Amino acid sequence: MQADLLSPAQFAHTAHLLQQHSPLVHCMTNDVVQTFTANVLLALGASPAMVIDAGEAGQFSAIASALLINVGTLTQPRAQAMRAAVESANRAGTPWALDPVAVGALTLRSDFCRELVQMAPAAIRGNASEIMALAGESQGGRGVDTTDTAAAALPAAQKLARASGAIVAVTGEVDYITDGERTLAVNGGSPLMTRVVGTGCALSAVVAASCALPGDRLLNVAGACAVMKRAGQIAAQGRGPGSFVPAFLDALYVMHGEVAA
Amino acid sequence: MQADLLSPAQFAHTAHLLQQHSPLVHCMTNDVVQTFTANVLLALGASPAMVIDAGEAGQFSAIASALLINVGTLTQPRAQAMRAAVESANRAGTPWALDPVAVGALTLRSDFCRELVQMAPAAIRGNASEIMALAGESQGGRGVDTTDTAAAALPAAQKLARASGAIVAVTGEVDYITDGERTLAVNGGSPLMTRVVGTGCALSAVVAASCALPGDRLLNVAGACAVMKRAGQIAAQGRGPGSFVPAFLDALYVMHGEVAA
Amino acid sequence: MQADLLSPAQFAHTAHLLQQHSPLVHCMTNDVVQTFTANVLLALGASPAMVIDAGEAGQFSAIASALLINVGTLTQPRAQAMRAAVESANRAGTPWALDPVAVGALTLRSDFCRELVQMAPAAIRGNASEIMALAGESQGGRGVDTTDTAAAALPAAQKLARASGAIVAVTGEVDYITDGERTLAVNGGSPLMTRVVGTGCALSAVVAASCALPGDRLLNVAGACAVMKRAGQIAAQGRGPGSFVPAFLDALYVMHGEVAA
């Protein structure tokens, strides 16, 4: 299947919508990326909140604009809390996004992610190995790293989108975003983004936020990918991974005012 | 009730005391802000330690200079460990501070915070919605964001201070610090501080540290607020939220040597 | 016993090996330093992964290149997961490193660390107070801070190395690395490294990574210490603790290309 290149203007439009609507994003994410995820959402004008107790998570996902489920540091109690949050989100009509970190070889997260795919996620965001493993087509990558390219995973992403009803974003050097019928491609970014922890996980939080925006969800999710690729490109110029992080957040902070090139 | 403006010299005095006494602050705080909280305390010359097991937390709060309880990512096991730490702190005479993050609508933390208020905290630091909810006067804000101004919450803060015996700091564009009789106001800061996660939570850790200092606790807590507002003002100049964080920590690092304007 | 000064060229050699072999480091570490630890490993070209569920941790440590056990924010469930990971690592031949944070006065971690020392760690990295406490020669320091110098702890480190079979690194103003017979000393670094949370914990992750490299393990562990001291020295120049962190990661990122002075 062919992919259409996303309009270069979309990142500025999505950043504008995020700033304008300021979605409250309930993040149930892994221990490693919480600060960066929160700061990415804040820089974009969205509002993060991390609530993780099973009882409270169910209460909170019902009033949040969107919910993120990221299984990076999954434990049994967290899986239980995430399940409660998803069920409550579904009852309340809160859209939720899944980041199936390192799904494949590890049992707890793999079983849990397969269960979650059946629970009507609005979006799924992963790297090539994760999307292929979730679609049942491979065993996953090397830890959190991918061993495949996003293009190679595109058929798996399209299959997963049709099976789950979610928008599926398989991200890498080029990102592909699909609803199973239409497919968009997003260029840009920087290899430096793979030398900083949490850029993918934070993207998943922005994807969750974008599911709360008005308009075409496929475009909004692709726009979320474009926002991050654009900021990454700006921030990487002449920098190492340490100075990249502040520059990346600074770039996100002004993105709603950027004019598309 | 009237509030007196804190002397502009107080921030330098408090920073000097923190540097000189280097309080060992036992931080039981939320997952999102741990690194930033530790780095804020270290930049000021204080010494952070995060100990979270119920048994160890009770052992450690007895030997720490101060204890921080922040309920941002509360779970049942953490509530139990925090209770043990508070009880041990009280037996040992260690002052402790409460940050009632997002208290109001969420059941576990709301019940727990109401219990903690009865356990003789030395200080309570929250935003307007949190302080009003804790004083029983509203239902809390939108996640961790406040929907009220600090001035509107001042009567609730004063009531809470009298009921609990704690110094209560309700922070926002202007901070108010009260013991229920006297009230001090602190100006400064920057709106950018609301676009970076953890500035409020880290302030609560500095408030906890300030409760271990000699002298008037109301002044010390107000001084802790002034230290953070001053550093935020310096760091925000011409910066986005990403470059704000390193500049903020750099500003705190030299604050004990600053001469008040 | 005498210590030989490590060759100044070793840091560049170790950085080169890390870049070339890109070890996959399974980090079971404390809540406060996870992001920084991951970013340090990524900057050096290694690959971090945090997997903490007891079942998954056992699966993952068998396929990782190295495992890190850091007890900074230990709880009973985490101790159980760490035990499973170590047992699996030992069966699979995965080398693992121990960071006995604040061992001494706190019961859970002290009992657990004494148990771990019997389980054939490849390396142990701690400050003077921690190493002396683990060797049974003192009660530990003040929280995570040391109250002793590394030189004073050298006999304890040598004793611990002989008893455990591990390479022991006792770090401070000067680092000493010993296998119980040979001892190497590493100079450099900056006092600013003690005003930023996680430099010691991240070093332990690099030590774990270095245990997966080919060649003499004593030299590799000493090289890991030298890499961090060298980057710290570069990053500290004219900076405060906030701007130190990005500069430190930037320095690590180019270290494999540095020519030893």
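First chain written, first letter: the chains are A, B and C, and each begins at residue 1.
Everything below uses one rule, namely that contacts are C-beta pairs under 8 Å (C-beta built on N, C-alpha and C of every residue); 3 or more make two chains touch, one makes a residue touch a chain.
By chain, UniProt protein names: A, B, C = Hydroxyethylthiazole kinase.
All values reported here derive from a predicted model rather than from experimental measurement.
In the contact between subunit B and subunit C, the residue numbers used by both copies make up under half of all numbers at that interface.
To fit its Cα atoms onto subunit C, subunit A must turn through 120 degrees, a value rounded to the nearest 5.
Computed centre separation for the pair subunit B/subunit C is 32 angstrom, with centres defined by C-alpha atoms. Residue positions of subunit B touching 2 or more other chains: 31, 35, 245-246. By the touch rule above, subunit B contacts subunit A in their complex via residues 30-33, 35-36, 72-76, 102, 105-109, 142-145, 194-198, 239-243, 245-246.
Put simply, subunit C touches subunit A in their complex at residues 24, 26, 31, 34-35, 38-39, 42-43, 47-53, 55-56, 59-60, 63-64, 77, 245-254.
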